[in-house]
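Take a look at the structure below.
Just so it is clear, A, B and C label the chains in written order, and each chain counts residues from 1 on its own.
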Amino acid sequence: MKPVLEALQLARSFGGVRAVTGLSFAVQPGEILGLIGPNGAGKTTVVNLISGMVKPSSGRVLLDGVDVTGLPPHRLAWMGLVRTFQSTTVFGGCTVLENARRGAFRSAHSGWLSELFGMPKARRLHESTDRLAMELLDQLALTDVADQIAGGLPYGKQKALGIAIALAARPHIILLDEPVAGLSSEEASLVRDMLTKVRNAGITVMVIDHNMRFIAGLCDRVVVVHHGQELAQGSPEVVLADPRVVEAYLGGSHAQQYQGR
Amino acid sequence: MFNAATIWQVVVNGASLSAIYVLVALGFTLLFGIMRVVNFAHGAFAMLGGYALYYFWGRFGVPYVIAVPLAAAFVALVALIAEGLVFRWFYQRMFESMIALLGLNLALVYSAVMIWDVSERSIPPAFSGLIEVGGLLLPKDRLMVICIAVVVLVSFWVFMTRTRQGLAMRATAQDLEIAETQGINTSVTYRIAFLIAIFMTALAGALYAQIYSLSPFMGDRPLMVAFVVVILGGMGSIPGAALGGVILGFTESFLATFYGASVSSFVSFGVVIALLIVRPWGLLGTPDGARA
Amino acid sequence: MTLVMRIAGACLVVLAAALPFIDKDGFGVTVGTIIALNMIGATSLHLIIRTGHVSLAHAGFMGIGGYVATLTLMRLGWPFPLNLLAGAIAPACLSLLIGPLLLRLQGKYFVLVTFMLGEILRLAFLQWSSLTGGANGIFGVPAPGPMFSSQAGFYWLALGSSLLCIAIVARMLTGNMGRIIDSVRDSERLAQCAGIPVLQVKVAAFVLATGLVGIQGGLTAHYLQYIDPGAFTSVQSLSFVVMNVIGGMRSLFGPIIGATFMTILPELLRGYVEMQHVIFGLILIAVMAAMPGGVVDAVNRARQFLSRRTRGGNLDSNLPRVVARQ
C-alpha cells in the first residue's frame, strides 16, 4: 500500500548548522506514527520541512505519491495535510466556535467569485460548515465553551481546540506538534483517546513529541531522531529498549558514568 | 573624474558622514534594542542638538571643542522631560511607540518652527583651512568632526563593555524579565540608555548642522539615515548600526560626489528595500522565525 | 449591524446628500467634500490594516493616482471618468508588482519599508519634472466634466465615490471574506494550515486598497485644480494611519470616525498652522497612551462596562497582532 506521507533523504541546514541530515521515513495509511527525540534533536525542523513551512536544502517530500517538496502550507492543506503548532495553538481573538469555522475554510470555500457575490452555492456551503464546526466542538468536548474567547481558555482546552481547527479542514493526514506539552497526565490521556478516535475515523496521524510514555501508549510505530538524523525505527517497545535510544536520551557520558560505577 | 584628489575627497567626506551616521544610528538602535521603542522623533533631537550648538558656539562663544558635547548634553538633559512625559508610557510597546513618537516629532518640529522660523541658518565655521597629513590634504573641520565622533564612539564602546551599567543595559536588551530578576533596576537602566542615545543623536545633529545647515526640518534626513542604517545592520544590533553607518556614509559620499545627491538618496533607499526583502533581519541581525 | 444602525446609517447618508441644500454659505460643503475624500484613503488603508500590516506609503500611491489621472486627462486627452480609472489602475499595478515582496515582511519591517517607499515616491514626483512639473506641480487641472464643476456637483461626486469605496471595503470585511482576512491577521501560520493562501490574500487587499486611494488622488487633483508633490508626504500617509488609530483599527467605523475628526480638527484651528501640528502631535501621544484602541474601542469598552458581561464574537485585542508581535 502506498504510504500517505513519505520523507526521502530530507536535509536542511541553517547557516553552518546541519539541523537535519538524510532523514527518511514513511507514514502508512491509517497508522499513528510517532516522531520522538530529545530536545534539540531537530524534530521541529522535521515537522516544518514536511508541513511546508521550511524548504529542505535537499531531499523530497511525497504526499500520496505526489512530490510536494517546497510547496507552501496552504497548498498542502488543500491536498489533505494539516498540522497543529506547539505555541500558536488557536486564533486567540475570537470565540471557540469561530475558531472552528476559520479552520473549516477549505470546506466552506466555494470559489472566490461566488464568495464575493454571495451566491447560493456559497451560502449552502457556509451552512454545512457551521454544522461541521459544531460537530467537531462536540467531539472534542468543547461545546460548553463554544462562545468563549479562545485566548482566555485554559491551556488544555486550547490544545483540544487546536486539534479541532486542524480537523475542521477535513485532512486525511494530520501532524501534531507536541500536542501534550504542558498537559497533566489526565489531559494527556484524553488527547490520546481523541487521537485514537481520529485514526479510527480514517485519518492518518503523525505525532511529534519528546514525551516517551505518551508516544509509547499511542503510536503503532515510532521514528527516533537525534542530531537531525534517524536513530531507530520500529514498534515502540523495540525502539525504546534500543540502547542507542536510551543513550541518546540520557546522554552518552552519563551512560558511561553509570556503567563505570 | 576618478583622480586621486577626488577619491581622497570622497574618503574624507565618507568618513565624516559615516561618523555622524553611526552616532545617529547607535542612539536609535539603543532605544529599540533596550526599550523596544521606535523613535520617530530621533531626527527632532538631532535638530535640537544643532540649535543648541548654534547658541553655545555661535552666540555665547563657548570654545568649539567644549560647545559641541555641551550642546549634546544639554539637549539630552532637557530631553529627560520628554522621557518622563512621553517615552516612558511606551516602553516595550512597539507599535504604540511608533505613532506616539511620530506625534512627538510633529510637536517638536513645529514648536521649533514657531520659536525659530522656517528659514535655514548656518552655524559659524569653527575651523577653516586644510591640514596636511602624509602628503594628503585634509579639511580641518571634517577632521574635527571625525575626531569628536571617534572619541564619543570609543567612550561608548568602553562604557558598554567595561562598566556595570553597560552590562546591565546589554542584559536588559537581551531579556527584560531575566534582567529584572537579576536585580537590575530597569527604570534606571532605561533612563541612562535614553540619556546616552539622545546625547549621541544631538551630538550628531550638531556636527551635521555644522557641515550642512540648520533648520527645524533638518532632522528629517538623520531620521531617514537612522532607519536605513538600523535596517541595514539589523534592528537592535549595535555592531550592525556601526557597520551600517559606515557603509551608508561611504556609499552616499561616493554617489553624491560622482552622481549627485538625489541619485544617492534613491540608491540608498533602493538598496535597503532590496536588502529588506532578501534579508529582513539586516546584515548582522538574526532571523526570528521560519518563513511566513 | 443591527436594524437601528442600518436606519441611522441611511439617515446619515440622506442628510449628507442633502447638505448642499441645507448649508447656505458653502463652508459645510467644502468641509464635507474633504471629509468624503479623506474617507476614501482612510477606509482603503483600513483594509490593509485588517490584514495585519500598517502602510506608511498610502499617500505615495494616492500621488500616483493623482498624477496619472491628471496626465492622462491633460496630456493624452482622455475623457473624465476614464482618467480617474487610469488613476486607480496605475497604483494598483505597482502594488501588484511589489506587494508580493513587501507583504512577506514582518510588521515592524513593513512599516519602515513602506515609510521609505513613500519617500521614494515623493522624490520621484519631485525629480521627474518633465512628467510631473517637479516641485511646482501641475496647474490648471480642469474640472471633471460639466456635471461636477459646481461646488455642490463635485461634492456629490466625492460623496458618491466615497460611499462606493466604503461599500467595497465593507464587502471585503464581512461574511466569509471578512473571516479569511481576520484569520490572516490573527495568525498567519494557522490560516495557512487551514488552506488560506495568506500572501495572495494580503496582496489582493493591498492592490485593492491602493487602487481605491488612487481614486482619491485623482479626485483631489480635480478639486484643487492643481497637483504637487507636497500633498503626498509621509505626514499625509501618517494622517491616514492616525485616522484609523484614533477611530479604531478593529472596525470600519474607526476610519470613518477618524477621517471626520481629523478633517474637522484643522478647521477648528484654522490660521494657526504650526500650532495645529503641535496639538495634533500631542493628541497622538495622548491617544496612544490612553486609548490605543481608538474611539470605537473606547465606546465598546464603555458599553461592556455598562452591561457588565463578556460579549462573544470578534472581540480582538487592541492592535493588529502581526504588528504587535515584537
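Here is the rule we go by: contacts are C-beta pairs under 8 Å (C-beta built on N, C-alpha and C of every residue); 3 or more make two chains touch, one makes a residue touch a chain.
Only a predicted model underlies this, so the values are computations on that prediction, with no experimental measurement involved.
Distance from each chain's C-alpha mean to the overall C-alpha mean is smallest for C.
Each chain's centre was taken as the mean of its CA atoms, and the one lying most distant from subunit C is A. Averaged C-alpha coordinates give centres for subunit A and subunit B that are 47 Å from one another. Distance between chain centres (mean CA atoms), subunit B to subunit C: 33 Å. Separation between the centroids of subunit A and subunit C, computed from CA atoms only, is 41 Å.
Contacts with at least two other chains are made by residues 53 of subunit A.
Shared contact sites, meaning residues of subunit B that touch two or more other chains, fall at 291. Counting partners per residue, subunit C has 189, 198 as the residues that reach two or more other chains.
Interface residues of subunit C, counted against subunit B in their complex, comprise 54, 101-102, 104-109, 111-113, 115-117, 119-120, 123, 127, 188-189, 198-199, 235, 238, 241-242, 245, 274-275, 277-278, 280-285, 288-289, 292, 319-320, 323-324, 326.
Listing the residues of subunit A that touch subunit C in their complex gives 51, 53, 72-74, 77-78, 82-85, 88, 90-95, 98, 101-106, 108-109, 115-116, 118, 122, 126, 147-149, 151, 165-166, 168-169. On subunit C, the positions that touch subunit A within their shared complex are 171, 175-177, 179-180, 182-183, 186-187, 189-198, 310, 312-317, 321. Residues of subunit B touching subunit C in their complex: 36, 38, 86, 89-90, 92, 94-100, 102-111, 113-114, 224, 227-228, 231, 235, 262, 265-266, 269-270, 272-273, 276-277, 280, 289, 291-292.
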